[in-house]
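Labels run A, B and C following the written order; every chain starts at residue 1.
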Amino acid sequence: MGLITPSSTGNDAEQKPLVPRVTSLEGKHIGLYDNGKPAAEPLLTAVQEKLAQRYPDATFEWYHVEHLNQIKSDDEQESVVDWAENVDIGIGAIGDCGSCTKFLAWGIELIEDAGTPGVGLIDEGFELDYQSNAVERGRPLRYKKTPVRCETTDLDRVREEVSNEVVDGIEEELTRSLNDKERAEQVAQ
Amino acid sequence: MSNQTQKEQSLEEINRSLYKEGLTDGLPVIPPTDERVEEMLRGTDNPRDHVLGEIGNNDNPLTVEKLASNAVMAGCLPTYMPVLEAGVRALADPDSNSIQFSVSTGSWAYQWIVNGPVQDALDIESGSGAFGPSFHANQTIARALGIAYRNTAKIYPGEKDMGVMGNPAKFSFLAGENEDSSPWEPYHVTNGFDEEDSTISLAGPNSWVQWFPHENSAQDVLRGMIDNTPESMRASSGEDLNATITHFVNPYNAEELEKEDLSKEEIKEYIVENSYRKTDGTSNSMLDTDKVVPRQVRQYDDTDSINIVATGGAGRVNAIAGTSIGGPVTKKIEFPDEWDSLVEEYSVEREWVPTEGFYD
Amino acid sequence: MAHHQPREDSISTVSRSLYRQGLTDGLPVIPPTDERVGKMLRGTDKPRDHVLGRLGNDDSPITVEQLASNAVMAGCLPTSMPILEAGIRALADPSSNSIQFSVSTGGWAYQWVLNGSVLDDFGVAAGSGPFGRNTRVSRATARALGIAYRNTTKIYPGEKDMGVMANPLKFSLFLAENETTSPWEPYHVTHGFDEGESTITLGGPNSFIQWESGADSPEAILGGMIENTPPSMVGGEQQGGDFDQTILHVLSSEDLETLAEAGLTKRGVKEYVSENSYIPIEEFQKGVLWDDALDDYHGKVDSRQVPQISGPEYVKLVAGGRSESQSNVVIGPSIGGPVTKKIEFPDEWGSLVTEYAVEG
């Protein structure tokens, strides 16, 4: 029986490679990308504090998206790319709701577009959401799950939740070498 | 309806005539042929003519066969029959007050909560998106019970069902309790059942509010539960009218309450004690005295009028459903002998998640 | 018992198979065969491959043919096509913000309001409640638009649709304005359309509160409108003016009459509601507005109170029930739109309407 499909034929996104990782965070100029969600700034602040302890020579530079939806505009996107070109690595936050997880994936993609390795920090409940938005963009964008949950803005609490394990994981995503899929090389089926 | 009839009529014609007779909710139904009803009956050990309950003004009997026919129409699988049978027992229980909320001008919905191992067996969703138009069991069970009630009681909109507005959630309000991620004992255990029992609970609310706390903390969650209960919702337990409100709390916010060591009972006490509203201005509907008017009244009279159910997935959004003017009543789901093999035979897998193989 | 082997193309087999692929809401669908889609296309003069709009993250195109396929599945008649096409244009309009309310944790519903002569064409102007006047038309239309959006954007619950609870109204919140007994101009006229035109309006709310005014004074009705708007519903500018957050009131005939007799205009009601919506600052849902909504009220000292609704433009009014009642509804907050689109009819509209008349 012939059925007429109700779904879109879809735009199969072209598979694109990730930017090669760095060997270490030592002495790096680290970008902190705040996607405009209330929990993003305290989370990145706690991450910055931990990294500054581990790497006293590292320097930091922030980018704040003022309103979440602003990332939809071409001007904002260009400005993220410009900013990301001047940092060695980019750490973005936070994916803790539907739109913000999507826009975080977009932000990490822009960081990668600038030739800078990026990682997105997400609420652990939003892993599939982040992954599927990355699929849609054609890149297995890297991420690190954190126990920091939606709308937690109390900095002292966030400091506790950003454990050594979380910081280790962020480093791992920024330094672990790319696999075949991430290099977007054709893998024999 | 015989197979012969079905062959002669197109699917559209069958749907149209069932709709004209008032037997459907307007959406497509699967024609309840002898063959399909027979298959549906595999889900029960009760005989066809067994009366599950008496429903409506005239105490019309609802038999297993009639229920199966409605289940076919609604799109159910045979494995949903045990849940439907228990649901009918809830509707037929006078404590559910189902007749009142089916005919009242207030446009009420049938609110169903499912507990216990049956959730896994039937893929009843209790996490992310549970109340949405997305999951086979959630959608078809609520619909089957809704149309079974209407078709048995013979109550039609604008005729005996006098709902002024109509309720878009009327036949679609069903979710499981997210027992795995809840810090509390499950709803059915609080109401006297064993943890390994499976149950279905019925209430009749007409409004639905979603809200989220300012900050992810116990205090803000409790405040939000009270602040976001609109004036039209009032909770007060009692013999004549059990007016209850159900709070659906997401796992993240439930965890915050748990961190403060708050039991379900203590949460209810907090709500009752902190739910005073001033009686000046517009709160007249909350007064039930014509003597000296008090300066303030409690919106939640007592803890028995509050239900707390853990539902939903990741995120900060909670929901309030109320005021229910019936129930809640909870019924145990009884399974047929061949349950396990039936469950294995009838499963509807979800294959729509597209990330497989993209990440390692 | 021998297992009944259904025909490959039976409605139950096709419904389950499409469900597995994420293409339905879980309820039975009419299989979208070539023949049925061909028939559905009688409802439009546009070619099959005409792109009606682009939806979702990827701006995926939706053609007339795809829409017709979803319409068949949902149980629509060919006469629904003009409404559906206008609905798609509303979804595709960036100011509807449909992508945000489709993926957000807030559990939003697609709220549709129908206006104009099309109400008579469909018989949806008759009967009781505005949410259920002709369930076949209202349920199937809302459902078709819901699944068409999901199937085009490929957004699935728990995957990219992160609604924590989701919403039992999501694909069923469809409202026909009661234009005939309203003392005021219809919704679409207020929003710049001619009275003779037919329109469909899209919003994205997540809560639905029914309340009974029981009031005999205009003040009490207006007070009830405010009291029954929980703080989770904030009306105002969002995200630096990227979109508006609005609240819709559906008012009963009797209460509308009381307001009109007191000399109040629609605008007057909206002004009253926003001007009298001040709430203590600790009840204000700061989390709703990400762009420092409170700045105007902050000096060096915090304000004691802020308006929950920051202006009359964030309040929308629709005339509800025709029967004598005082049941009203508050629906909100819509985080997108509302956007209104004109419905364009095919040349043979008059004869199509006669051919496909639906008995309510």
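Just so we're on the same page, a contact is a pair of C-beta atoms (placed from the backbone, for glycine too) under 8 Å apart; a residue touches a chain by one contact, two chains touch by 3 or more.
Keep in mind it's a predicted model, so treat the numbers as computed, not measured.
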Chain centres computed over CA atoms; the one at greatest distance from chain C is chain A
Pair exhibiting more inter-chain C-beta contacts, A-C or B-C: B-C
Provide the C-alpha centroid distance between chain A and chain B, rounded to the nearest whole angstrom. 39
Centre-of-Cα separation between chain C and chain A, whole angstrom: 34
Separation of mean Cα positions, chain C and chain B [Å, integer]: 23
Residues in chain B with touches to at least two other chains are numbered 128, 212-215, 313-316, 353-355
Note: chain C residues in touch with at least two other chains are 73, 105, 154, 158-159, 161-163, 287
Contacts with 2+ other chains: residues of chain A: 97, 126, 128, 132, 150-151
Considering the complex alone, what residue numbers of chain A touch chain C? 1-8, 10-11, 13, 36-38, 66-70, 97-99, 101-102, 126, 128-129, 132-133, 136, 150-151
Can you tell me which positions in chain C touch chain A when the two form their complex? 8-9, 14, 18, 23, 31-34, 37, 55, 57-58, 60-62, 65-66, 68-70, 73, 100, 103-105, 147-148, 151-154, 158-163, 239-240, 242-243, 287, 290-291
Of chain C, residues touching chain B in the complex: 1, 3-4, 11-12, 15-16, 19-22, 25-30, 73-75, 105-107, 109, 127-140, 142-143, 146, 154, 156-159, 161-174, 206-212, 214, 220, 223-224, 226-232, 250, 252, 283, 285-287, 320-321, 323, 325, 327, 329-330, 359
Give the list of chain B residues in touch with chain A in this complex. 128, 212-217, 252, 313-316, 353-355, 358-360
Interfacial residue positions of chain B with respect to chain C in the complex: 11-12, 15, 19-20, 25-31, 35-36, 38-39, 42, 74-75, 105-107, 109, 125, 127-140, 143, 157-158, 162-169, 172-173, 175, 206-215, 224, 227-232, 248, 250, 281-285, 311-319, 345, 348-355
